[in-house]
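In what comes next, chain A is part of two complexes: it sits with chain B in the first one and with chain C in the second one.
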Partner chain A sequence: MIPSLFRIFVIGRNTLIEAVRQKVLSVLLIFGLILVGSSVYVSTIATPGLDAAGLFDEQIKFVKDFGCGAIELFGFAIALLSTAQLIPQELHNRTVYTILAKPVRRAEFLLGKFFGVILLLALAVMLMTLAFAASLYWQETVGFNYVRDIYDQHMPANWQNNPQMAAQYHHDIQDIVNKVQDPQLIKAILLLFAKMVMTAGIALLISTFATSSIFTIITTFMIYLIGHMEGMAREVWLARGAETSIWQSGLTGLISLLIPDLNSFTIVDEILAGNHVPWAHTLNLLGYAEVYLVVLLAVSIIIFDFREI
Partner chain B sequence: MGLTKRYPLAWKRKLLVALDHLDLQVRPGEVFGLLGPNGSGKSTTLKLLLGLAVPTDGEARVFGLPPDSLEARQRVGFLPENPYFYAFLNGDETLRFYGKLCGVTGSKLEKRIEELIDLVGLQNGRERPLRSYSKGMLQRIGLAQALIHDPDLLFLDEPTAGVDPLGSAQIRDLILRLKKMGKTVVFSSHLLEQVQEVADRVAIFSLGKKVLEGSLDSLLAESQNTQINVSGELTAEQQEKARALLGQEIRFSRPHLSLEQLYLRTVQGLPDPTPAQNSRRS
Partner chain C sequence: MSSTLPLSRRLRRAAWVALFLGLWAPFKIAWEQKIAHEQDFLRYQSVTITRELRDQLGQGLTIGVLGGMRSIVADFIWVVNVTQAWEDEQWFKMDGLINLCTSLQPRAVTFWDVGGWQLAWNTSVSAAHDLKQPDVLRRLRASRFWIDKGLEIYQRGIENNPQSWRLWAHTGLLYQQRLQDYRTAAYYYQKTSELPDAPVFYERFPALMYGLAGDDQAAYAAWAALWQRLTPEQRTQMEHIPTPPDLVKIRHLEQKLFIPKEKRIFPK
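The block that comes next holds the complex of A and B.
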């Protein structure tokens, strides 16, 4: 068991090194970091004239939406592009022969390659989250100065000495702190990461039988789209109740089974809107992603085991 | 025994017979050459012996074990045809990666890397990424990775393909050194003269079938004739005396170097064109 895990780790580490030394993925990550960081700048353009207290709430929400959106977009791109080429590249370059001629099982090879992608995604999400945190911190500082300016300009002189006004000021500052340092954001990042890993899992499964990376990329993208629409389709069919035919029910059931319900992960939007999402619900979704991933990996291993290389 | 591999050609609804009922046994410590034109089944044989492909019929055994078992692979090294490896790794990193996959770690691995770099003569490639390697250097790092776990049996698929004559001769010498170290080597090649220089036994393949097998001595000896080598040139009178003495039909000719021997003698005889040596000479 331990030698097997060690081999998976060695292959995973090598896959990560390959991805890091590949300029395309590094450039993608740099763009992701720039985009996440630029949310601060874009937010000031989006809400000109900071003259009403409520507008600053909008700015914070904009930074959160923009930052998480950029993390999701670039995470998705990195997951899809890096996984889609994992197997075809190994087969094309025949490096797979040199590895499988060693005491390495095919399952270990596949899991090792996938582990490398997970490490890459974790690294990318971690760096983008740091950039996101930095932009939120910056926004917080801007918010403090903004509130201070409002009080200095619009309140009577020496407002600090007025206990009521001072309390109101501290309340406003605390309100910004609460919105910026929202612990719910951890849930949002975890859910986005789970979605990326599921996308990578789907791409891996397709690449075990696909003959080209393009096929894997297009098919995974289609599944990703259907996965977002699946929940809606199911609701529409269920709402029709008795009108639903056996075929329609069967098709919905089949799609639910084969394609992950990615629509459930849009709960991230609720988090970003400031609504409370309990940990239990987050863990449920993470558990769903984990079970789905295990199934994806198991099927991938079976297909790859039978593939002529 | 009876090793057969057929690939389905879906678009033609036919089966391609890549290897047809091969019976072959390689003895410990020998160098065995697989010969044959492209598509004759040499690479398929190696893939089946490595467990990289599953036979349609028949069975392959390596050290009495299924070839895809970890125990068999622990004792086998493989150099594929035209290997690419990971272009982003340098020579040392490549050997470290393959060594760890074989369970060789720590100081033992580092010591082994030193030995193999020396063996294949790649001191100048240790820190360079493989993307900057020449074809000959790639073949040599390929040999080193095949040997990283000190296997008893080596499979080399066209180890000299695309390599210049000097690099090719170095690989030939390496095979001979491996033989001296007691390793069993099975290799495929198109360079018949080189095969002749290193192989103990050969099998010739054609259209997926083994058509000939045996030791080089038995296959190449012309049993009707005897060859006598004489130093120096014989005069016409000496030739007549020899004929009269033996009472046999004797043909006299001057032996020729092969073009490869001439090339190697010329290139290897040249001084090393390094600036230090050049300046010493001038």
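The block that comes next holds the complex of A and C.
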């Protein structure tokens, strides 16, 4: 067991090093970091005429939405591109023969490769999260300045000496801190990461029988889109009646049984809008992603084990 | 090196995959249904891509929504299209776009809050001063139309976000300033003051509104209730302010309403 884990770890580490050396992924990561950082700029394009409190609310929403959106978009692109070329590249470079000629099982090779992708995604998400945190910190400073300006301009000169006004000022500052340093954002990042890993798992499964990276990329992208509508297909399939044709039933059934429900992960939007999402629900979704990933990996291993290379 | 797999091997592979997926599928459906029910309960899955919504979004933005980028699409429409419509004074287009943003993200309070304000204040004031319309009555009717539109946005916002003190407070403000309906404003301010995180000063607003409505009995009851809630320390603090406006109001109402001395808060 331990030698097997060691082999998976070594392959994973090498996959990460190879991925980091690839210019495409590095460029994607750099663009991701730039986009996350530029969410601060996007937030300045706000509704004209808003008062400071409304302006801050709008700006913090934009920073959160664009920051997490950039993490999701570039994380998706990195997951897709890095996984899609894992096996085709090994086959094209013929390095797979060298590795499999050694006492390395195909399952270990596949898991090692996927482990490398997970490490790469973790690294990318970590860096983009740091840029996101910096954007939020900047926005928090802007918010503090807004509040101070309001009190200095609209309150009596000695407002600090009035205990009720001072208490309200601290309430307003705390309101900003609560919105910016929202511990729920950890849940959002975890859910985004889980969605990326699931996407990588789908790409890995397709690449085990695909003959080109392009096919894997296009098919995974389509599954990703369909995954956001799986909930609707499932509802139609479960509620099918006499008026449902056999084709409708068959198609919605196939989607419901095979495609993951990626739309459930859009609760990240609710977290970003400041609504409470319980940890129990987050863990339920993370558990779903994990189990689905195990299934994807198991099927990938079965297909790859039988593949003639 | 690669060659076609023998049929038996291909069948064996397909059988393994089918077996694995067959075992997983019922669990998958049950688990996803559980997640969906949880999300229904928590009011998350409130957006369905209807044909109407798809037509409003256009192809590119629909793909964005389908790709899980709902909030970004809503933000984009808000920042670019709503602002543009506002600058071009295309009020009906702006109303439609605000509704589109709130449909995409019904739990984002900002869209309801700012959207209601745009329609009930900015648009209605602009309509009231529209020099292209010479008929004053028509201008006033247009102004009232936009106030009602803004009110509708606020009220739908409250339905979707009943815990947002901001929406309750701003609906109260609309009733107070735009409709001069002080009794209804008092109701909304009362609701505001009962919500967590609402600024403390909203506690005084219902009493002030009843005063503006001319209902001195209700105003006195509201002031008295507010006074009763104060701790002894807070009362002492209030009495040390040279001319505390709340206490002046209570004293004034006690005299005006001929409250018997034994029932007064300030008998002297």
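Methods note: the second predicted complex is superposed on the first by the 285 of 309 C-alpha atoms of A that agree within 3 Å, B and C clash if a C-alpha of one lies under 4 Å from a C-alpha of the other, contacts with A are read in each partner's own complex, and residues count from 1 in each chain.
Methods note: contacts are C-beta pairs under 8 Å (C-beta built on N, C-alpha and C of every residue); 3 or more make two chains touch, one makes a residue touch a chain.
Computed from a predicted model, the values in this text were never measured in an experiment.
J.: Contacts for A:N275 in the overlay, against chain B (first) and chain C (second): which applies, first, second, both or neither?
T.: A:N275 sits against chain C, while chain B stays out of touch.
J.: Mind working out whether A:E308 is in touch with chain B, chain C, both or neither, as first, second, both or neither?
T.: Once the two structures are laid over each other on A, A:E308 reaches both partners.
J.: Is A:F62 contacted by the first partner chain B, the second partner chain C, both or neither?
T.: second
J.: Quick check on the superposed pair: does A:L28 touch chain B, chain C, both, or neither? Answer first, second, both or neither.
T.: The answer is neither, since A:L28 touches no partner chain.
J.: Once the shared chain is lined up, is A:Y288 touching chain B (first), chain C (second), both, or neither of them?
T.: In the superposition, A:Y288 touches chain C alone.
J.: Chain B or chain C: which reaches more residues on chain A?
T.: Ranking chain B and chain C by residues of chain A touched puts C first.
J.: Once the shared chain is lined up, is A:L257 touching chain B (first), chain C (second), both, or neither of them?
T.: second
J.: Identify the partner contact of A:V10: answer first if only chain B is touched, second if only chain C is, both if each is, neither if none is.
T.: first
J.: Going by the contact definition given at the top, which residues of chain A touch chain B in one complex and chain C in the other?
T.: Dual-contact residues (chain A): 308-309.
J.: Please output the residues of chain B touching chain A within their complex, sorted ascending.
T.: Chain B residues touching chain A: 7, 50-53, 70-71, 73-74, 76-78, 80-86, 88-89, 97-98, 100-103, 142, 145, 149, 155.
J.: Per the contact definition, I'd like the list of chain A residues that touch chain C in the complex.
T.: 42, 45-50, 54, 57-58, 61-62, 65-66, 69, 72-73, 163-164, 167-168, 171-172, 175, 195, 224-225, 228-232, 234, 238, 256-258, 261-267, 269-270, 272-275, 277-278, 281, 284-285, 288, 291-292, 295, 298-299, 302-303, 306, 308-309
J.: Which residues of chain C touch chain A in their complex?
T.: Within the complex, chain C touches chain A at residues 1-5, 9-10, 12-13, 16-17, 20-21, 24-25, 27-29, 31-36, 38-39, 42, 44-45, 48-49, 63, 66-72, 75, 78-79, 82-83, 86-87, 105, 107-110, 113-114, 117-118, 122, 197, 199-201, 237.
J.: Show me the residue ranges of chain A that touch chain B in the complex, using the header's touch definition.
T.: Going by the criterion above, the answer is residues 3, 6-7, 10-11, 14, 17-18, 21-22, 93-95, 97-105, 308-309.
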